[in-house]
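Structure incoming, see below.
Should a chain be cited, it is by its letter among A, B, C and D, assigned in written order, with residues numbered from 1 in that chain.
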Amino acid sequence: MSLNIKAFGMTADATETFSFETPHFADTSELRRHLERTYPSLTFMKYSIAVDRKITSGKSTIHDGAEIALLPPFSGG
Amino acid sequence: MSLNIKAFGMTADATETFSFETPHFADTSELRRHLERTYPSLTFMKYSIAVDRKITSGKSTIHDGAEIALLPPFSGG
Amino acid sequence: MNTHKTKSIFVEGPVSPAFIGASIARHSSHTEVGAHSIFLGQVRNDIIDNRDVKAIEYTAYDEACNETYLEIREDLFSRYDLCCLHVYHSLGVVKSGEICLFVFVSSEHRRDAIDACNELVEKIKSKLPIWGKELFNDTTSQWKINI
Amino acid sequence: MNTHKTKSIFVEGPVSPAFIGASIARHSSHTEVGAHSIFLGQVRNDIIDNRDVKAIEYTAYDEACNETYLEIREDLFSRYDLCCLHVYHSLGVVKSGEICLFVFVSSEHRRDAIDACNELVEKIKSKLPIWGKELFNDTTSQWKINI
């Protein structure tokens, strides 16, 4: 299966799209490594990875069909 | 000289007027004694005496022509 | 907007929501402002000993209020980074559901606006010689006590 | 009042002062309310490296925002004595001087309204996945950083 990734804020500047697909990765550390190889400017950005709308930290499992989002620091209000 | 007294809130219920005159008294303690003899229900009320718009406590001197006001606890807002 | 001059904080009767909306609209020209903190006091339909509060009638020692308000205002401007600050308090009868107090504090940043507004509301309640008389539906009344 | 249902906190473009006035007016039927605490975020005309911020463009992770907002809301209702609570946040372009955030908290008593509003504003800033991009007068832009 593939993963659907949403990119927000400055991470979308790096990926040059708000939404894209990647192959499935077992956890967020592997996914992060893949993303930063594919979009090198992500390496210089601070961002969290949300799995099914919950922010993860460190290495979190990614189940099949999870909704993934890249979240730079929030700046609403 | 006489003193001009303004009564506010429930103290005006006791004096039955918002503004009245008394003879001059040397200090707020003497004035308070006079007022409570004249309007006995004041005795049961909590109120401060303001002299020239400043709230006094205890025994404060009253100069000639001072503006006196009787101030029960505030309840604005 | 009159950020400097302050004649009187009093308005006759309730503060209308349209007036509040218009005050907010006027502040769009203050492009240095990032945060507005607003407090509104609304007359509550309290039930006291089976009597409904249908309105509050406000009276004030005007001259003393305005003097004390100016002191409070200067003190807040000296301790917080504020763009402007406005207070409107009703005199006379304000029915339940209507607004009797409108406090409006603006700053570049939210902490100053929120903290100054909060402090200002407490000072209005505790320091300004204003009295509310609760008018009940059965034509009786009693002097309000702030808690 | 709709304390339970909450579809979305988002509105397209700025929040108008007239909308705020109308929201306040609607609350006059809530005669149990004694205090409204309102926070408004206004886009500041900051000058950064000699460039004027003429607008901020907001984007959000909508679904995650609304979920997190519901949690924040339930937590506040469980800890404060509130009558109602409303949040409106802009999406898209909001020009300097215009309002991008409207937080409206009502309670019987002022302490609950003020404290809950204050906490809610901090949580909106720190917990909701929303991003602002500062658009400068020279057509450049940069992602906003909340402090």
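In this section, a residue touches a chain if its C-beta (ideal position, glycine included) is under 8 Å from a C-beta of that chain, and two chains touch if they have at least 3 such contacts.
Please read all numbers here as calculations on a predicted model, not as lab measurements.
**Student:** What shortest step count links subunit B and subunit D in the network of chain contacts?
**Tutor:** The fewest steps needed to get from subunit B to subunit D is 2.
**Student:** How many angstrom lie between the CA centroids of subunit A and subunit B, rounded to a whole number?
**Tutor:** Between these chains, centre-to-centre, one finds 72 Å.
**Student:** Counting only Cα atoms for the centres, state how far subunit C is from subunit D in Å.
**Tutor:** Those two chain centres are 22 Å apart.
**Student:** Just how far, in Å, is the C-alpha centre of subunit D from the one of subunit A?
**Tutor:** 27
**Student:** Taking each residue of subunit C in turn, which ones touch at least two of the other chains?
**Tutor:** 41, 110, 121
**Student:** Quick one: which residues in subunit B touch 2 or more of the other chains?
**Tutor:** 77
**Student:** Of all possible chain pairs, which ones touch?
**Tutor:** A-D, B-C, C-D
**Student:** Sort out for me which residues of subunit B touch subunit C in the complex.
**Tutor:** Residues of subunit B touching subunit C: 6, 8-10, 50, 53, 69, 71-77.
**Student:** In the complex, go through subunit C and note every residue touching subunit D.
**Tutor:** Result: residues 17-18, 20-22, 24-25, 27-45, 96-99, 108, 110, 113-114, 118, 121 of subunit C touch subunit D.
**Student:** Looking at the complex, which residues from subunit D come into contact with subunit A?
**Tutor:** Touch list, subunit D to subunit A: 41, 58-61, 63-64, 67, 89, 100-101, 121, 124-133, 143-146.
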